[in-house]
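Please go over the structures that come below.
One chain, chain A, links the two complexes that follow: it is found with chain B in the first and with chain C in the second.
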Partner chain A sequence: MLLWVIYDISDDKIRSKVSKTCLNYGLYRVQKSVFLGDVNSNALDELKIILEDTINLDIDSIYVFPMSKDELNKAGLIGQAFDKELVSDEIVSKFF
Partner chain B sequence: MKSSQNSFNNFEGFNENEYYITPSEMLEFLYCKRYTYFMNYLGISQHEEKRYKVLKGRTIHEKKELENANYLRKKINVVDKKINVSMVSKNYGIKGIADEVLTLSNGTMASLDYKFAEYNDIIYKTYKMQTIMYSLMIAETFNAEVTQGYILYCRGKNVLKEIEVNIKEINKLNKYLEEFKKVMSGHYPKSASNKLKCIDCCYKNICVK
Partner chain C sequence: MLFSFNNIILSVLIGGDTIKLIINTPGTYISKSGTRFKLKNGENVQEIPAKKVEQILITCPSSISTEAISLAVEENIDLVLLKMNGKPVGRFWHSKHGSISTIRKKQLLLSENELGLTLVKEWISKKIENQTDFLKIIAMNRRDERRDLINESILKMDERKNKLNSLTFEQNIDEIRNTIQGYEGYSSRLYFEMISKSLPEKYQFNKRSRNPAEDYFNCMLNYGYGILYSQIERSCIISGLDPYIGILHVDNYNRKAFTFDLIEKYRIYIDKIIFKMFSTKKIKDNFFEEIEGGFYLAKDGKQALISEYNLLIESKEKYRGKNMEIQNIIQLECHNIANRILNG
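On to the complex of A and B.
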C-alpha cells in the first residue's frame, strides 16, 4: 500500500530522526515534512510504533495515511508535482 | 538459536545436549515450517534483534516484570504467581520460560504470556499452541492440574484472553512436535500456504517456492 507521513515537529533533533526513519522505510520526500512511499502492512505497523516512540506526544503530531495506488492517481496536485511513478515504485519495477 | 540454557540445568534429568523445542520455536514453525528449516536446521539467523517490534516487545516484558511484580489478577481468581519461570517437560521434549505461572483459587495452575500485539477478534493457532506447551510444562514441573492458560495483549487495551487446555489441543501439539522433529532431521517442508506471510519474511530471498 502507499503511505503518506505528514508531520509537524518543533524540535530539530526529533524532526531529523523522524525524517531519517521515513527514508529508512523506503519513503520518498515529497515536501519538507511530507513523505510518501510503498510499504507492506508490517512495515507500516513498525513505522507507527517507532514514530510514536520518537516524538513528544504532547506537542508534536504525525499523520499516517495509507492509500491505494488508484486513489493516488485520483489525487489533485497543484503546482510542482512530485514524480508519482517514482513514489509508487513503478519506475523501479521496470528496471528489475 | 536461543543460547543460554543455564537456568534449565537445575532440572532433574535435563540433558543440555538434547534438543528441546521451545514455545518461541513452535510459534515460528506454525507461522511457516520453512522458518524452522532455515533457522534451526540450517542455522541461518533471522536477526530478529534488528526488528524494532521485537526490541519493543522485549522492553515491555522487562517493564511488566518490574511494574507488576506483586500484582495478582483478581478477575481470574489468582492467589499466587511466579515470574519468568524456566520449565522443562521431558515427556514432550520441550522447554521454555513462561512470563508468569499463576496459581488459581481452585487449586489449578495456569500460564500467562504477554504479547506485544493487538487483539483482532481471533486467537491465532501459534499463540494457542504456545499456551498448550506452557501448560504441559507447568503440569510436569509443578505436578499440578492445568485446565487453561492466559494471553495478555499488551497493545491496545490490555485484553486478557483465556485458552482452554484439552486433549484435542494437546493432540494437535503432539502432531506439530512430530512435524518439527521431522524438519529438524533434514526434511524440507512446504512453505506457508498464505503467501501474504512471505511479504515480510527475512528468508524470502533464499526460499524456493
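On to the complex of A and C.
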C-alpha cells in the first residue's frame, strides 16, 4: 500500500531522526516534511512503533495515512509534482 | 518502458515490489547510510533503501565499503560480482545458507548411481526438446528454403534425443560421458546453425565462440548465460544443493559443476530473448565494444539485455497448473531436485 507520512516536529535532532527513519523504510521525500512510498503492512506497523518512540508525544505530531494506488491516480498533483511510478515501486531493475 | 530520471535510466514494469540494483557505471562508490545504500559517481548521488533491494549486480570496476557489504548480507540481499563477459566471479551470502551435509554426501555419489544418469538424461533431453520447439516456432514464420532445412535439423535432433533417452546405466557416468556430450554437442551445433540462418544477414555467425565472442550474437549470448548462471547458482544454494558437485559437466579447473549441468534446460530463455532482440532490430552498434579478436558488451548493451532478462524472469508462465513467475519456477525445481537427491 502507499503510505503518506506528514509531520510537524520542533526539535532539529528529532526531526532529522524521523526523516532518516522514513528514508530507511523506502519512503520518498515529496516535500520537506511530507513522505510518500510503497510499504507492506509489516513495515507500516514497525514504522509506527519506531516513530512513536522517537518523537516527543506532548508537542510533536505525525500523521500516517495509507492510500491505495487507484486513489493516488485520482489525486491531483499541481505544479512541481513527484514521479508517480517511482513512489509506487513499479521498477524492476535500476541501473547506476 | 524506459524513461530517464536524474540522468539514470530506469526500466519500469507494473507490479514489482523489490528492485534489482545494477551497477554499470565504472568508478561508482557504494557505501552505507542508515539502512540505505548510497551510490556515488562524481556529482551523481542516489540513496536506495535496503528494504527495497533484492539483488545487487556489480558489472563494472567500482568500489564498495565493508559496511555496505554487511548491510547487504544482513538484509539477505544477494550481492554478485560479474566479469566483463557476464560470468559471475563471486557472491556474498549469509553464512547460515549453505548446503546441508546429507544432500552434499548424496550429491557426491550421483556420478556413480542411476539417479545421476536419470537426472542428466532428463535435463539434456529437455534442453534438446526446448531447442526443437523453438526452431519449430521459427520455421513457421520462414516461408523459404530455410523452413525445410530447419525441419530436417529438427528430425536429426529428435533422433539424438531418442538415443540419449535409451541410454542405460551400467556402472559409472564417466563411461558414457562422451556419448552423452556427443549427442548434446551435435544437436547444439545444428541448433545454432539454424538460429544463425534465421537471423538478419548482418548478424549471422559461424559457430559458438567464447572468450572473446567473435560476433554480436555470441557476445550477447555469453553475457546472458553468465547472468542466468548466477540465477541458477543462487537457486541451488537456497535449496541446499552444492553448486560445485556436478554430474556431467566439468568447469575450467576440471571440476564437475552442478550449475553447468542444471543450466542446460534453462538456456532457452536466454536464446529466446536474444533472438527476439536481434530479429526485432533492437540491437545497436554501440552495444558492443571491439577488442582484440572479438567483442565485449558495452554499457548500453548490458543495460538492454539485463532489462529484458529481468522482465522475463518476473513474467509468469503456466507451471503444474499454476501461474508462476519464471524465477520461482526455477527455485521450485531446484527444491524438487534436492528432495529427489535426498530421498533417492
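Just so it is clear, the second predicted complex is superposed on the first by the 90 of 96 C-alpha atoms of A that agree within 3 Å, B and C clash if a C-alpha of one lies under 4 Å from a C-alpha of the other, contacts with A are read in each partner's own complex, and residues count from 1 in each chain.
Everything below uses one rule, namely that a contact is a pair of C-beta atoms (placed from the backbone, for glycine too) under 8 Å apart; a residue touches a chain by one contact, two chains touch by 3 or more.
This is a predicted model, so every value here is computed, not measured.
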{"item": "First, second, both or neither for A:D53, with chain B first and chain C second", "value": "first"}
{"item": "Touch count on chain A, higher of chain B and chain C", "value": "C"}
{"item": "Which of chain B and chain C A:Y25 touches, first, second, both or neither", "value": "second"}
{"item": "Partner chain(s) touched by A:A43 [first = chain B, second = chain C, both, neither]", "value": "both"}
{"item": "Residues of chain A contacting chain B in one complex and chain C in the other", "value": "40, 43"}
{"item": "Chain A-facing residues of chain B, complex", "value": "51-53, 56, 199-200"}
{"item": "Complex contacts: residues of chain C adjacent to chain A", "value": "3, 5, 8-17, 19-25, 28, 34-36, 39, 41, 46-52, 303, 306-307, 310-311, 314"}
{"item": "Residues of chain A defined as touching chain B within the complex", "value": "40-43, 45-46, 49-50, 53"}
{"item": "Chain A - residues contacting chain C, complex", "value": "20, 23-26, 38, 40, 43, 83, 85-86, 89-96"}
